[in-house]
Each structure stands twice: as C-alpha cells, then as structure tokens.
C-alpha cells in the first residue's frame, strides 16, 4: 500500500481542465440528478456543511483520510509523530485535491485545527470535507482552507479518533469514497462522482441544467407543471425550438 | 378523496383577516403557551427552521403533502408525471396557504428545488414547511418562497421519498397536521393551531403577551421573579391597575 | 441541601481575577488539550452552540440547574411558583457565574425565554449554557445574556421538563458538571475545567498556545509537519532559541 | 376513498394458491436477493421482529393501517368510536391478509393489545406487522395472532399515536407499502414484494435457493468460495450436471 | 438532604398491603390506561426490559439512584469508597423497595454487577430498574434480584458514569421518578404511579380490567368492535346485566 | 498490504495455549475492569450480542474485515468474484481466529449468510463478531459458527455495504480493533485486548476475580459493602488470611 511509512504516495491523476470547468458550473443538485439517471442514489455526504456561507463551488479529486475510534493505548506521542499520522498525510497531500476524512460521524472531537489546515492550504489542497468536526473554528477560518464539516468541537482528535491511513477506500457521511474519485462542493453540500462516471455527468448534466433553467422561466410566467416538468412531447418540442432560436 | 387525479381539491376556507391580524402579532412561543393551557403539548414541528434569518412571521392554513419512503419500482418517469404527483399538488395549491410536507424526517434527499418552489410562489402560497430537506438552496432562496425545513440536501426526492397525496392528515416533525389547520412560522420555528382552537388562542394569547411584556419591564427594573411570574394576587392587582391607567 | 425553599444558596467562591484573565485569552481548543494531558477526555459539552456569531469568550463558575422529564401531575401552577422553581433559582443566581442547565438533551421545549434570561442578566450572570433549547429567540437576544444552547423551540419548558433543583451535580451534553467548576465558552463551544485542575490549566496551556502560534508561522512558511508538530528535539531547541531572542 | 365511514373496503384480490405455496418455501433472505436482481434495495421492514421464536413463515397481502402522531384534541372518546378508527378497520379486515401498521417507528406506546388482536385473529388475518410496539404482550400472545413488531410498551396508542385510515400507501420501517402488496414474514423479519414483481420472484428465487443449497454442500465438503460463489462458468456447468443427474 | 454521608435515609412509608395486593393483579397496560384517564401520558420507562422471560409482576416503592456522566478526575478509588457511593446507597436500601437508577440511557457501561445486586437482594430489595445496562449478566441472574434494564455491557460503571446520590428526583427512560413513587414491573416493562394517584388507580383500574376481559370474550365469540369497545350505551347495559347475574 | 489480490495473508501468531486457558476462564466484565486499570476505557464492542443464549466463552485473535457504504457502481458481479471480496477473505481466514467485521453499525443488510459462515466454520474460525447484522439466521445457526452481531436482516450485504479489505485496522461498535488483537466473547458481549496488554490482563485479572468471589460470599452472609468493596486495609488483611488458609 502506498501509504506505508516512507513510501511515496501514488501520484494523483490531474483533473482535466475542461472537466473541471464544466463541473465548476454544475450544482451538486444537478450532479446528483445526473448520477441518479446512471443508477446511483448514494453519492451525497451526509452532514458535511460549509463553515462559511459564501464559498464558491469547489471541484477536485478525493485524497482520502481514514480514522478509527480512539483507544487510549494508541493515542501516544509516538503515534502522533509516526509516519502513519495525520502529519504524514498532510506532508504528501497533492495540490488541487480535496481531503475527504472518514471520522465515522463522530462530532465530539475535532479532526483538525489551524495548524493542519494551514499545512494543507500551503500545499495547495482545494478543500477539506469530513463527516466529523473541526476544532479551533476561528483558526481554521483564518487559514482560508474551504471546509465542509459536520460541526465544530474543541477537543483534539485523539480524544475520540485514531488516524490509520490515507488514500484507502473510506466511508464518509454514509457514502463510499475511493481515492481519486471526483468531489464537488457547494451550498447543498458535498457529492462524489465515481471516476468511471465523470465523463457521463459532464456530458449530460449541463444540458439538463439548461432545460431546467428554461422550465423555471416558464413557471415564473405562470405555466402549469403538469406536462411541463417532467416534459410532455409538446414541451420537449417547444424547448428544442427555443434552443434552435437561441443558437 | 379530493386529490384523485382530475378531481378538484376541496376549497380551503379563507382565514378570517382579523384572525390573521392577531396571529401575525403573536409569537409561536405565546401560541404554544396558549395551547398548553388548552391541554395541547405537541404542536411544535421538530426540526423545521427558516432558511433565511429575517423572515417576518407567516400565518396560513395548512395544505398538507405526504411522502412515503422510496422504492425503486415507484420512482418511474410515469409516476413523476402522473396526476398524483408533487406537480399535480403544486398546480392546485391555494393562495395564502402554507404547504406542510411530511417527509418522515428524512434529510438526505431534498423534497423540492427551485422549480417547484417557484410554482408554489407563483400560485401565492405563503410558505413551505417540512421535517425534511430542500435541495438547490440558492435556487429556492431566489424564488422568494419563505421556507422552514430540516436541512439542505443535493439529491432529488426520488432517491429517498415517494409522493403519495395531498390534503390528507399527516405527521410532520412529530406533530399531527390536518388539512386546513392553521400554521404560524417565526424564528422559534413552526407551530400548528388545530382549527377548533384558533378562536381560543386568538382570544387569550394577546392578553398573556401584554402581561408578559409588563413582567419583563418589572424584571428589567430589578424585581424578583417569586410572586411576579407566575403572579401572586398582589401582582395581578398591580398589573390590572397599570392596565387601567394605561387605557 | 442549600437549595431548600427559603434556605440561602452557599456563596460561590469568586474566580481569582488573574485566573480569569488567563482563561479569557485561552481558546477552548487549548483548554481541552491541556485537560487531555491531565487525563481528562470528556469536558466539552455536546450540542451547546452560541446563538450569536460574535460573542467574546466568556469565563465563569458554574451555577448548575437540573431538570427531569415532564410528568403532567408535576407541571402545576403551584410548582411554578414554589420556592424550588426556576424562578427561585434565578432570584439567587450569583453575579459573574455561568448558569449551566441539564435539560437531558431535550430540544423540543425551551427551558427559558426572555423573562428568565432578563432576570439572570439583571443579577449579573455571565452567560447561560444548556444541552437543551431556549424559547423566544428574539426576546432572549434582546436581553443581551450570552447564550450557548442546543437549538430553539417555541414550547414552554413544562411541555417536556420539570425543574428539580440548583447547585447539584449534573450532566450536561454528556459531561459531568459540579457546582463551582469553571466554564469557558467560545466559538468552539463550552468546556468545563474541574475546580481542582484550574491551576494546572492556567499554568500549562498559555505556553502551549505560544508554541502552537510559532508552529503555525513555520507552517505558513512552508515547513513540513513531521518533526515540527509534535516537535522533535531539534524543533524544541529552535523554539526555545526563538523564545530567548524574543524576550 | 374506500375507507370513508360507512363505505365498504375494496375487496382484496385473493393470493393465488400456487404463488402462496412457492412463497411459503422461500426465505425472506432469498426474496430480498431476488428483488435486488430486479433493482429493488429497500424492501425489508426495519425493526419488525417476531414476538415468538418459532412461528412458521407467513405469506399474505398487505392490509395497511396508518397512524400520525398524537395530539391531545384528537384522542377523544368520539374519535375512538368513530368509523375511521382502528375498530372500524379491524371490523373489515379481510381473511388471509397481513395487517401492516405504520406507527412511524414510535415504540413508547403500543398500537394494539389483546382485544384488537383477538378481533383480527377472529376475522382470519394471517399476521400483524408494525414498526411500532404492541401492548399487553401476554394477552397478544394468547390470541395466537402471529406478530412482528419493534418492541412492547404498556401505554395505550393514544398516548403517542392517532389512527387516520386504512388501505392507503404507507411507510413502515423505512419501506413503502401499498395496499395489496405481498408480505412475507420469517425469522429474518418482514419483506414486501410489490404486486408487479410477485411473478418474477416466484419464477427466479426458487432456482437460486436450489443453487445455494448445492453451494452450501460444496462448502461443507471444503470447497473454496472463489469460483464457487458467485459461480465461475465451470461451477455453473458442474451444478447443471448435478441437476440433470438428480432429475 | 438525607443522603449526606453518615446521615440516615428518611424512612420509606411502607406500601399498604391491600394496595400491593390490587396492584399485583393489574397489568402495566391497565395501569397506564388508568393514568391516562387522569391526564398522565408519560409514565412508562423507555428501554427497561426484564432479563428473565418469566418474572412474576413486581410492585414496590421507588428508591432512586442518580448518575451523571463519567469524568476521569471523579472515578477515583476515594470516590468509590466514599459514603456518597453506590456502596453507601446499597447499604441503606430499604426492604421491599424497587431500586430505580437514572443512567441517562447510557448502555455501554454496566451500572451494577453481581456484588451490588447481591447486596440489594440481601437487604430485601424487590427489584432493580434502570434505563442503563447491567454487567456480568450471569452473575446478576444468580443473585435472583429481578432486573429490568436496557441491555448488558461488560465495562464497569466508572467508564461511563459517576454516581452522585440517592432518593433524589430523577429521570429514568424519559420519565420523572420521585422517591417513594410506586413502581410496577411486568412483561410490558416498568411504569411509575405517582404517589398522589395510587388510590385512584387502585379504585378504577380493576373495574376496567373486568370490563376488558368481558369484551375479549365477546370478541372471541365474533362480536364487532364498533359499539362494543369503546362501548355504546347498549353495551354498557349488557355488561352491567352480566355483572349483576354474576354477583 | 498483505491483502492484495493473490498475495498471501501474513501469518497470524498463534495464541499461547496458557494465555488462552486463562482468558477462557475470565469474564469480559473482569477483563474490562483489568483494562480500565491500565487506562483503557473503550474496549467493549457496542451492539454485538450472541445469537444463541448459551455459547461457552470464545477466545481468539482478531481477523479484521472492513466494509464501506454501498454505492451502486461497486456492487457488481465482478466485485463479488474479485480477489478483494468477502469470498477472498473467507478463503484465507486462519484457524482459531475470530472474524471481526466493521459494518459501520449498519443493521438493515446482513453481512453474511449461511454459505460464508459455513466456509469460516470449515476453515476453523472460532467465531464471528460484527456491529452489523447477519442474514438467514436459521442457516447461520445451522453452520454452528458462534456469532455475536447487532441484529438480523434479510437483505444481502450489497444493498448497504461494500467490502474493501481484510487485516486492516478497523472500528467495530465504536472500538478500534487491529489485526491480531485478542478478542473475548461471552454473555456480556465482545471485548478487545490490545496485543501489548494481554500479558498484563492475564497476570492481574484472575486475582481480582478470586477477590470478587470472596467478596460476593461475604455479601451473601450479610456484610456491608462500605469497607468491603472496595476493600479497607482490614478487609485486605482478612482476604489475605483467607487465602493463606485456603492454600
């Protein structure tokens, strides 16, 4: 496994700029709808909310972090300074990625505070997502690292959690996340796009968003929903005509 | 039942303007106290919070919406466009009512997004209340529909919920709501006033609010609470004298 | 017991001004870390969040309040006006203390509204903390009493809770609180410092905060975490040199 | 709606005896596997366990019952004796059906005791399933009505629940149940087979059970699982040969 | 307070033998129904189940025990051997009472094991009830002390709980219990009868049980529920005639 | 990592027979007490209960299994037959070990049924422990594999879970388990003894059990607990005298 002490972490495939551009303009609501059409119902990370009200949307590959529960014999000074520690992970986190931490939904200990977030920010991480809590909220805010979490808690991670590794498959907020999956974050929370489905989402979701924007205008003009959304054949024709006119 | 496909929804009795005026000036805290005096302890919808910090109080009759859990065979395109769909409900929702949606407390799928909220807004619905989540928070905000909900979630309703009807008795946030009950919404959340108790609340609660405002002034002047609140006979006399002077 | 009807409450030992000064400059994150080093893992009150975003840190001794569940035969007018009532407690609450209310995590009834908070404010209470909810949020805000709670709920306390006494040992948010323990409140929530450990926290935590601030600067300059935090012997030397230079 | 006071309940289509015979020999584990192959993941009623350890498997159509939360103004003597009451439902429940009660997972009030269960038993109901509790466990046992529930509670239903109707779509244990769906009960709990999928389950599941029994024998003989289960092409051939020999 | 170290516990009023005799023949289901008629809805201790399937009904006055959460500085050898310890409480527990322990619903530590249960048994305690867990299940069973609890857990109480006193008002399973209230235990769990309502329950509930037994017979003969239960005037007359004949 | 497809699993150090002998005579209650004295409070696996009432105590090294949540794209036939599957794990599970499965507390899908349990039994596994559910309860019972789990559920694991590996650190029931830790199972549930603490438990716990047995006898003779348990100096002397006599 690549996260053995001393071993280099497998390089993360960079996210194609054109894919990033499309995803940055898609809401997580649109992405979950596109994934549902591909049969995926469980892609939204329960409990992860942004700590600032007005972050722009964030897109990046997942760099996974995994915790298990605390056991007093594991929370030793040696473990904190071992290579298999959060420190070790932060020192190799790749630029542009989104750190996704499986805290098993534990919210009475903060997984990271200002120092670890500052280190991630320095290395160019795009954001932090967790189903757990962060600590030292004011300090984390000051680092400028966009953060989606399930609360804030003063106690250090070792009161509730033991770090065990990175870039492993994890569960986060009831969702399976694999290393290098694509994560998108906005005001509706955090969603995962499995690597194999990124192309499909990029292809279909923007079209659906255009259609929904057109529907919204019709609704604001007073149109009934029945026949409009989901669209009847007539509605589809009408939309296509509108599109042709527009182009 | 009035919500059969094609059937008209039973007209909703308009809320008397004088009643609306009184209730618009009563806090939900005062209303729950008045209902407790009538023996009702379970009238506050657990989990429903406003998505904007500064809505004015909203008052209206309940237009109930009911969901059951999702089952993959039910979430078909046909079901979404059938007359017994959320779309069908939104197309008949009466002006001035408050849509109250029983989402069984499920918060990992959004019951409505911008399009359905825009439709409700267009038809003149006064607000939306649910023990579930909404999706596309930014879009919902833009519609201007006052919304009290139990969170925000990107996934569409069909990932977790199946719509089954409207204007039926429902549970919402652990409270029974019947069609046409009166709902009041403010910073303390959402409360239901059963139709048969509206007159009593309107009669007794404003007086209690005046008394409590008088008590608050006394407290700010340094009076002890014992004997003041709840009031001793002397306090009642003192209050009544104050009232007589004032009128 | 000191809270028998008519009996005076035992006087609360004033908090030494120098201790107060130190604690006012320590984050709850630093305090929990210091307590962990003394073997205490369970000192953060789960669920207690501030109702305003920008309170300054609050420090004070705990004045405990205890509720048990509601039982209809106990919620009588007599009980509300008895000496063993919340009113009785509010009338003796000492200046500078922090009221800590054990509401057993019940969040569908508000323990206090504007009148009781105004009384606490008048008597000089420094803050209110609870694992339950408050009611009449707008009114509570107007009193100016800094409040950390687990939500807001319109219904009065008697719909869910019965008050049974004050200055007894309590549980609050899963933490044991004894009368006169020291409480510190900030953006990360509420923590208790057991009386016997206050001196130790005051002695060790400020030093740790200085070190962490120094670490943060190093991280912002691009230093690796391994060897820095937790510090290797070289790092400790480097920090001590920096301190000597600075003094 | 058919359950208006005085109106006859729509007759329930009898369950074909050959279908009943097949389902009585299929475990709920096999049925959920067959439904998963048809894309259904959410068909097992959470929380419903049998009150006796050794009931034989029960199969029948669902007769749905729906509760909403209790509200003190609704729990009147009039409501209990109205036609839209549990009593009304019990008096029309069809022979051979399985009563499925949506209690919203509330387990601190018992939905039925001995009298209502005795009435169901007398009318020939095959079983009772609920995500709530029953009361008077000893009495319910004596009626002989097979019962799957989520606990036992002494208090009467009206302390927590209000009955609102029957043969409506419901949620039970997080699963959608429609009137006349087929229910199967055994030691693994309660599953629903949507009406439209009964034929498919009956066709495919028995074959899968034969295969699994054959696999189990191989495992007991010491065969490795890899290649055996799920089967490789060679394993499929081997199984088919075994089947040919046997027939 | 009477449970100060060294102070004698206030003597518990013995339960009148005639009251005990009546209550021993009333099911907890009947008692909760009687209390509901007196306006009490919250008298059943959530989570408390018997550890043996076939205890006879137990009746006794409540001897309350109170825990708060564990804090490492409180779980010292000194605290365990102090007079305000579970040991101190067990040494004064009165004959015939039922120990009711408020464990705040914590079920991952056992409040008592065989030694403390043996001590209670020796002193003649009638039973133990808690919303927490016991430990050393086999040992507890051997003591013969009838026990209703919310599970079994190996860890000692101090891993999760701190004992703080006895014969104080407590919450147990979401219900308020005051010292000397009457507790009844059977297969449906544990209910509290407030002291002031014992006479009323004893007077009304037996009559209701006779009526319900008569109703059950009618149901077994095939009578409809409508008009029978709740009874119409004709049914009441018929029942009274049956009673007259019988006497 | 040793559990890569095709790679051999690292051999598990056999458990010393003398250690096994001592642990087989120690209750999990005694073990948790011994571990608490070493500072470990979190060693009992929440939710794991035995499916049969009368298993003898089981002792063995942990063979860990790890699941993450289900995602529809992962639950493919290919994944089930891949080397990194539950099948792959079952085919290498060592004799005498206890399989400990991290199911993240998910109890609405069964992790294993009869076939996988039969395979484990055939290979000589001593028991299965999980914080999740098993399926096909009757079939699992027939395999004779002692099983401690958090319920029974009909649906197959893939409806809720994705298997990701074995012999990795896991969380199970809120406890950290590392490969080769020692597990002990009895009527009080499942506890882990970290490898580094096994010797200490084996050395101290038996002595404590002898003392407690002696205390229990004294309690049955009517001795007070104060001074006896925890013991005063006199009690310790008395016990030591008793031991000397006995030997």
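A few comments on the model shown:
Note that the chains take the letters A, B, C, D, E and F in the order they are written out, and that residue 1 is the start of every chain.
The criterion applied here is as follows: a contact is a pair of C-beta atoms (placed from the backbone, for glycine too) under 8 Å apart; a residue touches a chain by one contact, two chains touch by 3 or more.
In this text the structure is predicted, and so the values were computed from the model without any measurement.
Common neighbours of subunit A and subunit C, by the contact definition above: B.
Between subunit E and subunit F, the superposing rotation on Cα atoms measures out at 120°, rounded to the nearest 5.
Across the assembly, the mean Cα position most removed from that of subunit D is the one of C. Chain centres here are Cα means. That of subunit B falls 35 Å from that of subunit D.
Look at where the CA atoms of subunit D average out and do the same for subunit E: the two points lie 33 Å apart.
With each centre defined as the average position of its C-alpha atoms, the distance from subunit A to subunit D rounds to 39 Å.
In subunit A, 41-43, 174 are the positions where the chain touches two or more neighbouring chains simultaneously. The full set of touching chain pairs reads A-B, A-C, A-F, B-C, B-D, C-E, D-E, D-F, E-F.
Those residues of subunit E lying in contact with subunit D across their complex are 27-29, 31-33, 36, 41-44, 46, 49, 174, 187-189, 191, 212, 215-216, 219-220, 222, 224-227, 229-230, 232. Contact residues on subunit E toward subunit C in their complex (touch as defined above): 1, 38-43, 67-74, 104, 162, 164-165, 168-171, 174-177, 194, 196-197. Within the complex formed with subunit C, the residues of subunit A that make contact are 77, 80-81, 83, 87-88, 90-91, 107-108, 110, 113-116, 118-119, 122, 135-139, 152-156, 158-159.
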